[in-house]
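In the two assemblies presented below, chain A is common to both, partnered first by chain B and then by chain C.
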Partner chain A sequence: MQLNSQTYRLSDTGKVGTMALAVGVIGIVGCAAGFYVDRTHFFHAYLVAFVFWVTLGLGGLFFTMLHHLVGADWSVVVRRISECLMITLPLMAILFIPIALGMHELYHWSHAGVADHDVLLKAKAPWLNTGWFFIRAGIYFSIWSVLAWMLYNASIKQDLSYDESRAQTMQRISAPGMLVFALSITFASYDWLMSLDPHWYSTIFGVYVFAGSFLAVLSFLAVIALSLRTQGVLADTIRLGHYADLGKLIFGFTVFWAYIAFSQYFLIWYGNIPEETIWYQHRWDGSWKYVSLFLAAGHFLVPFVVLITREAKRNLFVLRAAAIWVLFMHWIDLYWLVLPNMPHAEGAAGVHFSWIDAAAMLAVGGVFFWFFWQRFTANAIVPVSDPRLEVSIRYTNA
Partner chain B sequence: MTETGTTGNIAQEELQTSGETKAELLARPEGMLAEFANPAELLHAAEKLRDAGYKRFDCHSPFPIHGMDEAMGLAPSFLGWVVAAMGITGGSLGLIMQWWMSTIDYPLVISGKPYFSYQAYVPVTFELTILLAAFGAVFGMFIINRLPRYHHPVFHSDRFAKVTDDGFFVSVLRGSKKFNVEKTKQFLESIGGKNVEVLRGY
Partner chain C sequence: MKTSATPGGTAATLADKNGNARTWHEPEIITGNQTFASITEKIASINEGKTPTGWYIAFGVAAFFAVALFAQIGWLFWKGIGIWGLNQTIFWAWDITNFVFWVGIGHAGTLISAVLFLFRQKWRTSINRFAEAMTIFAVICALLFPTIHVGRIWVIYWILPFPNSMEMWPNFRSPLLWDVFAVTTYFTVSLMFWFVGLVPDLATLRDRAVPGSLRQKVLALFSLGWRGGNKQWKHYEKAYLLLAGISTPLVLSVHTIVSMDFATSIIPGWHTTIFPPYFVAGAIFSGFAMVMTLGLVARKVYGLENFLTMNHLENMNKIILVTGTMVGYAYGCEFFIAWYSGNEYERFAFINRAFGPYWWAYWSMISCNVISPQLFWSKRIRTSIPAMFVISIFVNIGMWFERFVITVTSLSRDYLPSAWKYFSPSIFDIGMFIGSFGLFFTLFLLFIRHLPMIAISEVKGVLPQADPHWYHQDDHGANGHSVNGGNGHGTHKNGNGQKEEELAVKNGNGNGH
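Moving on, here comes the complex of A and B:
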């Protein structure tokens, strides 16, 4: 892998993109097989995979907007990575189609006539109905695609010639963008994840999904940058200080995630109202109990203890291992949100990992990564004309 | 920013123990002060003082300067360990206090839950962890920096008031092995120090 020192473009990237696409195709074949073997499991596994990758795209959008909004210097060197993550959001709209097709397998409330015998579903029908569900999904993807496209486009144009007004435009987009982002990710998580159990609700649920999303994107940025570093790319540009900052943010948002997760659990535990506690009961049935305990330990305790010292955040091997672990736990987290709601035979409660789960992750992940890589290699891999780039490179964070 | 020593108190102590008169003690140089033009010069001066083997010197600036700890050759602060110890203490105390209250001192069934309902103890345990950790950070910093104190030799300088606005100073205090009024003055001037002055009590 070579980095052109003039244009800051990658060349000789080998087969990274092709391999990602091949993985995606293998995953799609696996998904097709899974569809015929166990249709219900396939759609649930696909929802987990879809949300996993869409939250990376959303995390990228949030990171980019936050960067513009606060006028950050240090994060200029990793901005292009997060921009290429957010530009996958229009693609994710296409990958939403299987969920739309399988919604009757996923969402109990979408069955015709269920609301007639169910007082809660009847009350929720103005929100939870198929037509409005599709329109909302369209609204979410329109918001995200427009924001991502405007910010991405402005940033790519900035590479050719720096124009102060363009930097201001990106900042101006980010302020209202942040507001609509907060609302759209909240309602999207209500629609796609929380409505799997349509009787249950938790007002903090959107924040919970956002916490996992931002944690995942910080880890993804660290993993990508460290992988480039092993190839000798950007080794002098993304430096120890930047990794230490990513490590601090991963550490901080590990605590934030735990805070939100516990807040949700705590109020439901205290209130002890059956229609609320049933959601946790599903996640305590049979072997799900061990997944729940593993989630608390693996998503909070492990990264907390591993990343607490200054030395750990500055040890690139430890940081990379922690970041990969956090991404794995993000998948476990989403799996834990979705799969306990899958209809199962009487007495068969418990977690049943399947090859279909892996196939769905490979299918969506392969296509996602291929598109990400294609965007990443199409332009300079850092915002070359941004005047703050030099400040960012000099950033030592001593 | 760093340990500045107890020079301010030495004169007091010595006045009581040594046979010198007060006037003699006041006339003795307590340290040297040199002014630098900007943060970059101050940083380089710190590096040169560090490399020359000066131990009891400090840099004074209106705002924090990135990389100064390294330039001055400061060892990593052990404040983090104080904070960690205080945090663990706070968390343990919080947990033990609630356990003792709800299971031994005044057991009370609340909404049918066990006496020892650790879930309910999390907020208080968490808050006490944070509270004691914060106390550890603030008061630990005070102790490590030997604050509060009434006097510091740099206050003998009139120019030093600039430090809260646009002045960048290095002070070298008496007590350092290398401290010698003539040689230190020459050294400070050789590394670009302006307005080098001797800090005296009169």
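Moving on, here comes the complex of A and C:
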């Protein structure tokens, strides 16, 4: 892998893109097989994989907008990575199609006539109906695509010439962008995840999904940057200080995620109202109990203990391992949100991991990464004309 | 590559592809070409000069209401809490509202002193001292209300868990007990943080005081033998960082526990999972509004325009806008989910809030908390002092109403319509609320008079002169070192200068397209 010191573009990247696409194709073949073997499981596995990658795109969008809004110096050097993550969002709109096709398998409320026998579903019918569900998904993807596209374009244009006003332009987009982002990620999480159990509701649910998504993108940024570093790319641009800051943010948002997750669990447990506790009961049935315990330990305790010291955040090996672990736990988290709602035979409650889960992750992930890599190698891999770039490179974080 | 030699501010210069210089400027944090000496002189002289007449007048008014508060508390102990407007349905009203209101006010201080410190927001140095003081005084006012609410004040010590001959323990499952721990911890840590930050400044005042005077002796006692030595600063900065780390979870935990006073119950309108982060956002929102109100007055009266610049005010207004929008998001989420739940009690609770007998309180809350901060989208309003003063007061009014709306609307109409009641405050509800402001301002005025209201040593740390390389600018212009300050304490290690130059050269060449 070569970095052109004139244009700051990657060349000679070997077959990273091709390999990603190959993985995607293998995944798609696996998904096709899964579809015939166990249709219900396939759609649930696909939903997990879809949400996993879409939350990385959304996390990238949030990271970029936050960077512009607070006028951060240090994060200029990793900004292009997060921008290339967010520009996958229009692609994710296409990858939403299988979910639309699997509506019937995934969402009990979409069955015709189901509201006639269910007083709650009847009350919710103005919101939970297939047509309006699709329109909403269209609105979310339009918002995300427009925001991502505007910010990405402005950033690429910024590379061409030094112009301070471009930084302001991106800041101007980000302020209202943040507002519609917050609303759209909230309602998307209600629609795609919370309505899997259409009777259940929790006001914090949107914040929960957001917390997981931001934590995941911070980890993804660290993993990508560290992987480039092993190839000698940007090794003296993204420096120890930047990694230490990413480590601090991963640590901080691990705690934030745990805080939100605990708030939701604790208030429902304490209130002890059956219509609310049933959701956690589903996640305690059979072997799900162990997944729940593993989630609490793995998504909170492990990264908390590992990353608490200053030395750990500055040890790139530890940081990389922790970041990969957090990404894995993000997948477990989403799996834990989705799969317990999958209809199952009487007495067969419990977690049943399947090769279909892996196939779905590879399918969406391969296509996602291929597209990400394609965007990443198409331009300079740092915003070369950003007015704060030099400050960012110098950043030592002593 | 050259460093522009601007006095103050940070600047980095790069050459573009045509070799023209390009400069990125960060605005100066402290304006007016201050020196270390001029800062000490300005801040310390506020405490050393003659007490202004205006101060006596303000103190007299505040102290009057504070004394009136204690007189009313005496009457409350004598008669019982029936002197408030409470009734069988609404057993909690202004007392808990005032408690949550004052605890919330305190949160900005902790956010500014701890969270903004960890995020290296150097502008915080101008506001952290008086915001922390505000935190401590607000928590004192807050603690007062649940204490006097207990009724049998003579057994107040029963809230503390200690082995006793009655073998009686408080109810550990009650969020009200968690409040005792959360708020006292908060108070202790805030006080410690505030005091540690004060030590170097107290030593400055000590050294300036008349030798042998009582004032000097008192200051000497509290400055703990501070000499400003290298070792002392090293320990000080470590302690400061650790305290910031300890305080940061407290920003979240205190109001989380307070929200659980409501949310652990199963009363519609109280039992909702978003309460913890929503209360925290609301607390920071109201706290910043109070910092703004107090800051604007202090800025005007003591001429602190160079320390509390328009930039500071604008930053605070942005935080008010963000947190106000978060609060609006939570209101929206609650309302939407109440409808989405399909649960008729949930739905009723929210319809009743907006259109029931307390509609006026609900819409006051919405207009003050959600609508008024949205005006800060406009830069003109964000930088207009009269506008921000008015909005900050609106926010405080709105946040008081928020707690009132949550507490009273849900209680006043419960599951049994025959028990529905309307709450009317008695003269003592109103008198004690005003009295708590009297107490707060009494303490705050004493603070302003006797302690440096701006952290002298920290403000010096964010001056460009505090950068170890600032004096060398003329010697080796090739390194624009002033771009990277420390954490506001002026300690800053630079990386390998050689390597930086290489990087910069690479970067300078890397712009051709």
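The definition used in the following text is that the second predicted complex is superposed on the first by the 398 of 398 C-alpha atoms of A that agree within 3 Å, B and C clash if a C-alpha of one lies under 4 Å from a C-alpha of the other, contacts with A are read in each partner's own complex, and residues count from 1 in each chain.
Just so we're on the same page, a residue touches a chain if its C-beta (ideal position, glycine included) is under 8 Å from a C-beta of that chain, and two chains touch if they have at least 3 such contacts.
Since this is a predicted model, take the numbers as computed values, not measurements.
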With chain A superposed, do chain B and chain C clash or fit? clash
Quick one: is A:Tyr162 in contact with chain B, with chain C, with both, or with neither? Answer first, second, both or neither. second
Given the touch rule stated above, what does A:Arg310 touch, chain B (first), chain C (second), both, or neither? first
When both complexes are superposed, which of chain B and chain C contacts more residues belonging to chain A? C
Regarding the shared-chain residue A:Leu327, is it in contact with chain B (first), chain C (second), both, or neither? neither
Which partner does A:Arg388 contact after superposing on A: first (chain B), second (chain C), both, neither? second
Could you say whether A:Leu234 touches chain B, chain C, both of them, or neither, answering first, second, both or neither? neither
Just checking: does A:Tyr270 make contact with chain B only, chain C only, both, or neither of them? Give me first, second, both or neither. both
Applying the document's definition of touch, where does A:Thr396 land relative to chain B and chain C: first, second, both, or neither? both
Find the residues of chain A that appear in the contact set with chain B and again in the contact set with chain C. 266, 270, 272, 396, 398
Looking at the complex, which residues from chain C come into contact with chain A? 10, 12, 14, 16, 22, 24, 249, 252, 256, 260, 263-266, 271-277, 325, 329-330, 333-334, 337, 340-343, 377, 480, 483-484, 486, 492-495, 499-500, 502-504, 506-507, 509-513
Chain B contacts chain A in the complex at 66-67, 69-70, 76, 80, 111-113, 119-120, 122-123
Complex interface listing, chain A residues touching chain C: 5-8, 119-124, 127, 159-162, 164, 175, 179, 182-183, 186, 190, 201-207, 236-237, 239, 255, 259-260, 263-264, 266-268, 270-273, 275, 384-385, 387-391, 393-396, 398
Residues of chain A defined as touching chain B within the complex: 262, 265-266, 269-270, 272, 310, 396-398
